[in-house]
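Below are structures written as structure tokens.
Two complexes come next, and they have one chain in common, chain A, joined by chain B in the first and chain C in the second.
Here is the complex of A and B:
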């Protein structure tokens, strides 16, 4: 377990300012490239929000380079995305249709944004009948740019780069939980049965099979806690009232209350079937976290700080994290012996951990800027739009 | 030697990952979107209403009759036939149509609804089954996917449930 520290002197920065700036330069250029189209529009709100996001993302990356820490700065971005996503999304819905509920007319016309959580449930019905069991349009339309094909393409591209790190650098739902799990100083719930780690796999299997049999996205219809902060079918029957009550209870319990009490991302670690699905990509993803057994003193600090419970005593002994590691860097940042290291598969453990970190972070932050940055810009844009004055 | 090869391959893979990251927003997303769009996938007919089987021409407006939509596997929906009336601007103030849905020469349903002047007005309508294959309903709006009378743009969609 973690022992309390009495350090008074500030640790030296990991890198000098010049070198940190140099390493940040590619990411600053990338941010400019991603947001360049908004500077060609005449709307000043778009330009201001883009400029803020470019500054925000570049500053955080600089701090990662300067301090050598990953988790702390990534968390600021991730929590911001988590809490600002509903702001942008809900205000868009209110502006578009005056409500968070989806009327049946919108489902018939396919004017419903596609959500990546449904992917695992689409696979079997699509393979067997070429049918997508989710309302939406396959190609982007003027009223629905988040079409099925565009969102699957986005997920596919990002998953090639991020793998399971999707859960730590892209999933705005996870950002909400990470926010709540960061509030308390110490966890009230300290002991969680490690067998709970298997629950997401059981839910994944359950929803995939049941969705294929019932030909409807069962998780979205009945179990998704994030319906409470996005959109849900309008309540017009006892069934839809029960569904809405379940969404709200799961959100309150798994996304707010348990993360507050345990300092873990409980929904992600013990419930989310999409997270389990993304874990499969850890098998083929090149980047991972490893433990240098020669340096490790078995203090268990890495296990206590891991928000996903992706480290067990056995896995540390084997020098690895578990399959559900999302590469947030919490264990590496907290390890006082330098035993937890970033690693590129195929290379020697601990030989060039910073090189592995840099390779990973450039790809991950590029995706975070593209996807999360867009969400942040949209939310800021909507907020500016509702201000009594305009720029 | 083996270590050198695996190290070389590892860094080659890491470089390729970065290249993919750079290509995602500018090349890969478009390419993947096109590939998925041309994969022959379609959205469940339960949402879309399926494909048009035939068109009946009326005085100034058309009635589109769709293929029956039946549940897949254990899908908890009732089979239905979608009918579209378009354009709304050409419809009479009150629509009262007897329609042969299955082309057997006999009337199957009588559809009745008042054409709303305001697109925002909630629409309700009735269907009277004239054949045992179909089910009647009364004063129905956007009830369920298999039983509805709704307005979408310049068309009115009616879904008539089937008995089996």
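Here is the complex of A and C:
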């Protein structure tokens, strides 16, 4: 009797193993298809890294199907991508040019790898003067495979499928913050003024206007916290020293310290202009999270677990999330009453929410495997290269 | 002064040249003035009519800045362009003034502080600011005398003209050419002014004011240090 009272009862699995495996099968095939070319190369390191990524991604998807939970398993993938991206990227930079810093002459020759953060700043100067205000190359070159055209095509395809979910399934920068925000058990900073949610929009307007006026991507030159873990202009003057100091301070404050203290993705929620830009696509995206008002008891749990502060009391009353919802699934997973549900636009709220989740996850996970999976494979590959022995 | 070559240009030719110069470089003017115009206009109540009035006032003040500069150019000739020391001082000072104006007019700084004293609920700052002619006029004038690249090109050409009326007409034509490109700003009046929109515009104005303020002060400090 005593033993039965001390036993912790586990929640019953959401689906049976057979059914979960069946639902995972398409994702497993997709992963194989994505990484198939690496098995044709003689490099064993490539094959091992691809095999590891296929197993990792398929296992996580299986667990999503089996448990019915999204956030927890997505987070494992997302944090792994966030922390492994700098490993692969920095190693390839060092292999290519021997340093993380980019010399001014390489910028002049258009050898700067293109980053999607620049998109919003490119639009106005390109439309008005047909000028690309980024020192990169339009088409891939031997010294710079991350070209503007390739990145735009990739971003466009992924945005059509993911919308704002880009920030939760594709953005490797966000993974670093999510990692730090997951460390503490309880937040030290509990009360955050909801108006901080508007700051990314103001920063977006600020960088768009100023970049058009000055003909330089202001965010990349002065404000990007992730320059601290990717690449930055070589320090050759007081100005470049100040720029580097700003990058490091922003990274330490917004990506490490504040997520640790608040358990929120502070850089994404209160600073990132690209996140604000991506929110616009939530308007046209097919999938969303809705609240069933008949089941909701206004416990505010969804608001406290949301890493983006994308739920407000008003929005819950209206039965929906705010525009900056990245569809991570934290609110759905935590809702004890089953009031927060996945929703396909145009259908009745609460009608087949699991079907909506499944359709969304197929698209999102396929993109995550393609983009994040490549990042993971690259990082594992680089790590294997540094091992004293080779396969 | 002896090295300066005054090129006699027929009046019609100079008008045509200035107009074309304005029309071709207009997109750059549009982008250069964006940081001053957009947050200011978005922080105003929405109505195409009132916004158009504000934009026209802005353009009139900008024209006044152009004509003042044209007079300076005519008086000093190309030495004005060469006197880079004075140029740097002016650049720094203009940017500091622009920063202050953005804070005062677009962010409604004094009004904001009054609100803070009266009511802790800062949500009130989301209300649009009542239109102020002085805002449009000050921002227009400051952007008018700011040295954007097309303006410098026009200045060099304008300095080569022989008479003051010719220089003024040259700048007037140049202004007319660039002003055409400001048409898209009229559509800002169509944007619905929710509390969110106004608040975002004001935060942007504060950020831009910080940028121009820091930039202007660094220019002035650099000028002080390097002489």
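Descriptive notes on the structure:
The working rule: the second predicted complex is superposed on the first by the 383 of 391 C-alpha atoms of A that agree within 3 Å, B and C clash if a C-alpha of one lies under 4 Å from a C-alpha of the other, contacts with A are read in each partner's own complex, and residues count from 1 in each chain.
As a convention for this text, a contact is a pair of C-beta atoms (placed from the backbone, for glycine too) under 8 Å apart; a residue touches a chain by one contact, two chains touch by 3 or more.
These figures come from a predicted structure and were not determined experimentally.
In the superposition on chain A, contact of A:195 is made with chain C only, not with chain B. Contacts of A:213 after superposition on the shared chain: both chain B and chain C are touched.
Once chain A of one complex is fitted onto chain A of the other, the partner contacts of A:184 are absent, as it touches neither chain B nor chain C.
In the overlay built on the shared chain, the residue A:94 is in contact with neither chain B nor chain C. Of the two partner chains, neither chain B nor chain C is touched by A:252.
Contacts of A:161 after superposition: chain B is touched, whereas chain C is not reached. The partner of chain A that touches more of its residues, comparing chain B with chain C, is B. In the superposed pair of complexes, A:124 makes contact with chain C only, with no contact to chain B. By the document's definition of touching, of the two partners only chain C reaches A:205; chain B does not. Counting contacts by the rule stated earlier, residues 125, 129, 212-213, 215 of chain A appear in both its interface with chain B and its interface with chain C. Within the complex formed with chain A, the residues of chain B that make contact are 3, 6-7, 9-11, 13-15, 17-18, 20-25, 28-37, 39-49, 71-76, 142-145, 148, 150-153, 157.
Across the complex, chain A meets chain C through its residues 124-125, 128-129, 195, 198-199, 201-203, 205-206, 209-210, 212-213, 215. Contact residues of chain C toward chain A in the complex are 27-28, 30-35, 38-39, 122-123, 196, 199-201, 203-204, 207-208, 211. Taken together, the chain A residues at the contact with chain B in this complex read 30, 34, 103-105, 107-110, 125-126, 129-140, 147-150, 152-154, 156-158, 160-161, 212-216, 236, 286-287, 344-348, 356, 359-360, 362-363, 366-367, 370.
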